[in-house]
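Each structure below appears as structure tokens.
In what follows, subunit A forms one complex with subunit B and a second complex with subunit C.
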Partner chain A sequence: MIRENPKIIRRRKLGRRSVLAAGGGVAAAASFGFPSIAQSSLRGTRLTVLASNWFVPENNTQLDQLAADVSRDTGMEVRIERFAGDELSTKVASVIATGRGADIAVGVEFDTYLYANRLADVTELADEIGRTYGGWFDVAQAACMVNGRWRSLCIGQAPAAWNYRVDHFAAAGINQFPDTFDDLLKAAQTLHARGTPIGMTLGHASGDGRSTNYPVLWAFGGKEFADDGRTVTLDSPQTLQAVEWYAEIYKYFIPGTTAWLDADNNQAFLASRISATVNVNTIYLASRAAADPARKAVADNMNHGLWPRGPAGRFANYNINVWLPFASSQNQEGQRAFLRAWYSRNFLPNWTKTGQSYFIPTFAGFDKEDVWPADPKLQIFRELNKLNRLPGHSGPPTPAAAEAVSKYILVDMFAKACTGQMKPAEAVKWAAREYEQIARRRRN
Partner chain B sequence: MTATSRAAGASPRRRLSDLLEQERVLGYVLVGPVVILLLALVAYPFVVAVGYALSSRTIADPGVFIGFENFVYLWESQIYRRTVRNTCLFTLGSVTIRIVLGVSLALILNEMFPFRRLVRASVLLPWIVPTVLGTMAWLWMFNPNFSVINWALVNFGLVSQGPNWLTDPDLALFSVTLVNAWRGTPFMAVVVLAALQAIPNELYEAATIDGAGKFQRFRYVTLPLVMPVLLTALVLSIIWTFSDFGIVYGLTRGGPMNSTHVLATLSYEAGLRAGNIGEGAAISLTMLPALLVLIVWQLRRIRRSAI
Partner chain C sequence: MSADSSTGIAIGARHPRMERALFLYAPLAFALLFLVGPFYWMLITALKPDSDLYDPTSSPLYVSAPTLEHFRYLFERTDFVLWLQNTMIVATLSTTIALVMGVPAGYALARFRFRFSELIGTSIFVTYLVPTTLLFIPMIHVMVQFGLDDSIWSLVVVYPTFLVPFVTWLMSGYFRTIPTELEDCARVDGMTRIGAMLKIAIPLARPGILSAAIFSFTLSWNEFIYALTLVTASTERTIPVGVLVQLTRADVYFWGPLMAGALLGSIPVAIVYSFFVDQYASGLTAGAVKG
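And now, the complex of A and B:
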């Protein structure tokens, strides 16, 4: 005789009860007005949430408060465990591999399609949330959907803008941030001649490495993959043009950018060593809040600019954070309760506004919401929020595209040409070969 | 009554006691826990790693058996070949610096001088401080834009522009090697110092009476007696350096242009960041042949010296 595990019986009972509770819960939750999520079936359960530390400290406090509120209203113990960036991704990988350790986690966009078969299907919830906020951006769907099903929910993206010193540019006779790549090159030459060079990250920086380099490729019309997401198309005249442009502008950079990690361009800009770089708005937020007058002067003298328009258009690439609901979780009802609370009207708009456009949820309707900071120097982020494309563009995001990002192949392609280690055409061929190898193995 | 029938009639406790009296049985009992520990903590993970390396396993998918495909893929990758070269140069460079500096430091610390104990204790600092902390300090000293070393070199008028410590591919590999050597030298120094202090003074006195000079005393007395300890420290240093992760990852993440990637950092990127556990395991296992040769050689040496 097969004896049933009492825990499984209890879970099944909870499930039945939750179906009954859902009848009343749906109506209440339709408005996404937290704390209308009260579900007695969750009482006594536990939800472990893995999170990182977002740049704006108040955003972290808000998450803690949300956990406390959900705990109070549902009787479910919500526990937040925080890890630093790389540590968090390792912890997520461990939960995926073992099926133990957490119920839900903050992840990045690659995690969705690397771990799709180990993530819970949250399609219905995603549809409800999308309707509430005027629809998800395409980039959110690309980041969170696999085979037509939502396997994660987009928390938001950190738009990387051109941060530039208005005073340095004005002194060089440039009154607005360049709108074409030719103009950006000319600006770099002039600024370099005046001793105030620009700098773009060409090192193995996990965030800035791709947000700085992928937009250049796309703007010139270069593509890693064809629309099918399988055929490598990197070796093209458009890619070569992008690499040649990069090799030219690199001559006018501050020395050392091939060794830059994520913090280095921030430091160089804050120390007034460079006139422009690609970064999220952390440079501005940090200098604006600084007590040191020299630091504060950086905020007064800087602004943000859009990526220049290339032959193929204007593109950008940002880091995306997503909620990963683990399929192995024994508390999937709790996952949904927590996610409903996160995306509730009482929480998300306020969280977004507090974040000062550092992290912006990817909803079309947010354009009209009161979530944007009043500071004029942060206004551009409303526009930047619409430009993001994922690695692998214009094909769908794939594990092969993610692997190429993790191996910094595109960053190194540019760096090899810039430093003269390879001629531009050789660098393109080298990168295309690495892509081919990755794609071939992923296809097998 | 025969011995067997006596044993059969005895109490279980007595029988156990009799059994343990037999040297052959006692030997197995004593060695048993060690064997179990080795099987659980060394053999099992190793066999699992080999299994992973021969499979298409990813973090989210158990994959299938693919034979040596991961190794063939790696061999075709320029990044991997560059990484193997980097790892060899990194290990060779670091261990050479450690031996030269470690032995020199030990010889100095073995002399009498004021505050000798304090100096001996401070020498250990690089070995004691957490890797991350030490690496952060070096990152600041090698910073492309704010290097304190370059600042000093320029301000003392020694150079007009400081070296590109982490930007130039060759210099970047040297820089990470230097930091690894900085961290490992105290261990080498302390081990050699312990060996130096175990050498009886009479041997030096006898050598002096026989007319040996300072260099000859080092060549014919010190070196032969220190050599067994030095070789052990050398083998350990090679193993630790070969599998080092923290220093390279903290300073360069393997950049610029993969010029500082070592097998451990590449394995992390392939296995955890890209999710290819099979490839990550295959990269790690390529360290095995070289390390195995060293370990077998070391074990044979230890056994010979024990005999």
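And now, the complex of A and C:
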């Protein structure tokens, strides 16, 4: 079991008042949950929702059904339009810039504070929903609140774990996934010698680039910023140690990881070309569902492991999805009706369970809900759900941290050292200079 | 040939086959590999069953058990036919608009001498070079004002903004290669300036117009940023956007249907090229040796 980080999942203390409030929340949930919505004021209005194409197809179908139900119950036409991940970000940026094209969209964690003044204030709704499900994780508040107000609502996070081939590890004499970075390095050496190397994404992958590399920095004690979120602290002995470890383990990777995008480690693992990588559970779910026996065998022979523990502890970084309610929308009442339906007890727990822990809502109370998959190979994601840190940790998420992510500075720092383009110390100094420039520009 | 046997010419004179192999067929083979390679890769991937796509022992260069399952998936489980229809409408109409506006503009720049004509010609071409990533937000505002946002008709209006400068630039160069004396003779015989343009210059410029049309059609067919940002409705999407959205789920790409879509999407353009390839080549090179 993972020890929960109290800073990350600080729960609301349960007292008499909060119990009463929670009771009220449940009552409120019953009232705002569809299909009891009967808001005649919405009749004849229209709501366009931009969504991503979630990995589990049934999750997309459920959203379509929710839209149909809300349309039926309110008389408001709810239209779901889907875009692929990176294209959705472009579409969101265009809606923010022009005020046209959609009323609500699925965004990522940084969108909230990048676009805060263009997003509607949904604080009251967030409080209602939080009470219904036992309180939001701190990571949700960090991703959705700006200056004390909720500007978005957290949909969930996609926990990334180590995906590894149990059969390859066993053949190399390793019976469980390494628990320290030293052990992971030794395992990589052994696996490489046996012709079954591992691979960690070092390319400009919008998802895996972060989830693979930030945890290494944090585990060795490196940090991008101090707790104030403004002072750059990247150039430190701890960061150097992380980069040196990475440069060493890179020697035992499968070739080509510096060019990997989000799909490439999936493909390499599914093709049995690597024996371990960092990913969400899409590799497992895809191979488990495959008709082809060879791909199905990958699911039978794999499992998921936690990030190793480093000198500073065990960390992880996941993609977060949020609902962005655009302030430019002419139908803000419709936005709230849709969001209430999404977070209703009739919908959200079922949607979560159907998703097989691919996306997990960030509620403390969900630990006790019947939303977890029975498959033992997916059990670990319940624990991983509690580990997430946002870029900029241990400071607050800031536009500077977001810009560094979008420029892949941390990923490039590791990659430059791994490929020999720079010595580890030079790579750290290069990255620190880049961070300084961003921080200076954001301060001015 | 002289005794200077160290030169290639001397070798060629004595070994013409070797010369052809070295200086003709080898570069041609390399060019063919470079140009046809991506299409071959698309075809092979589209025909491979999933089991082969993920089998590291399977050769990436040939398919042992070809299947049409990815094409079936494309037609039965995506809106590919609708995207194809939208793309065809947008590309055809925007190309037509670009030609109707760009050909006369090119003629004017080639034939008339007026103040700042050179500057205007250069400026028109420079506008073609402004990246769409800078323009798409203002363009959305303009389309909203026109009431055309979220519709393929916005693309029909927007695409000519980069096609017209291109066609104008290409055609002005082409018209300069046509001797003005031909039109002068016609005018001496009583034809008007517009008549001379329509009946003399434009028929002679047909290879250039075809080149401009093919290029415009291809640019419209492949355009991505405007198609993504101006259109939201899934029923109004074009192939480049539609294929990407419906054939990727999170970090999993459906390579077979994706390659099938890319292959089928490139066929109409290939057909257009193949019909007009001779005139296209002469249209492109006509202005090369004359200002």
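To be clear about the criterion, the second predicted complex is superposed on the first by the 411 of 444 C-alpha atoms of A that agree within 3 Å, B and C clash if a C-alpha of one lies under 4 Å from a C-alpha of the other, contacts with A are read in each partner's own complex, and residues count from 1 in each chain.
One rule holds for everything that comes next: a residue touches a chain if its C-beta (ideal position, glycine included) is under 8 Å from a C-beta of that chain, and two chains touch if they have at least 3 such contacts.
Every value quoted in this text rests on a predicted model; they were computed, and no experiment measured them.
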Partner chain(s) touched by A:A259 [first = subunit B, second = subunit C, both, neither]: first
Partner chain in contact with A:A97 - subunit B first, subunit C second, else both or neither: both
First, second, both or neither for A:L42, with subunit B first and subunit C second: neither
Subunit B versus subunit C as contact partner of A:P399, first or second or both or neither: first
Touched partner set for A:D208, first subunit B, second subunit C, both or neither: second
Subunit B versus subunit C as contact partner of A:N53, first or second or both or neither: second
Touching partner for A:A105 - first (subunit B), second (subunit C), both, neither: neither
Touching partner for A:I360 - first (subunit B), second (subunit C), both, neither: neither
First (subunit B), second (subunit C), both or neither touched by A:M200: neither
Where subunit A meets both subunit C and subunit B, residue numbers: 90, 97, 267, 271, 273
Subunit A partner contacts - residues on subunit C that touch it in the complex: 49-51, 54-56, 136-137, 140-141, 144, 149-150, 225, 228-229, 232-234, 241, 244-246, 248-253
Touching residues on subunit A, where the partner in the complex is subunit B: 89-90, 93, 96-97, 114-118, 202-206, 254-261, 264, 267-268, 271, 273, 399, 402-403, 406-408, 412, 415-416, 419, 421, 430, 433-434, 437, 441, 444
Complex contacts: residues of subunit A adjacent to subunit C: 48, 50, 52-55, 57, 79, 81-85, 87, 90-91, 94, 97-98, 100-102, 158, 207-208, 262-263, 266-267, 270-273, 279-280, 282, 286, 290-292, 294-295, 358
Contact footprint of subunit A on subunit B as seen in their complex: 56, 58-61, 66, 69, 73, 76-79, 143-146, 164-167, 169, 172, 252-258, 269-270, 272-277
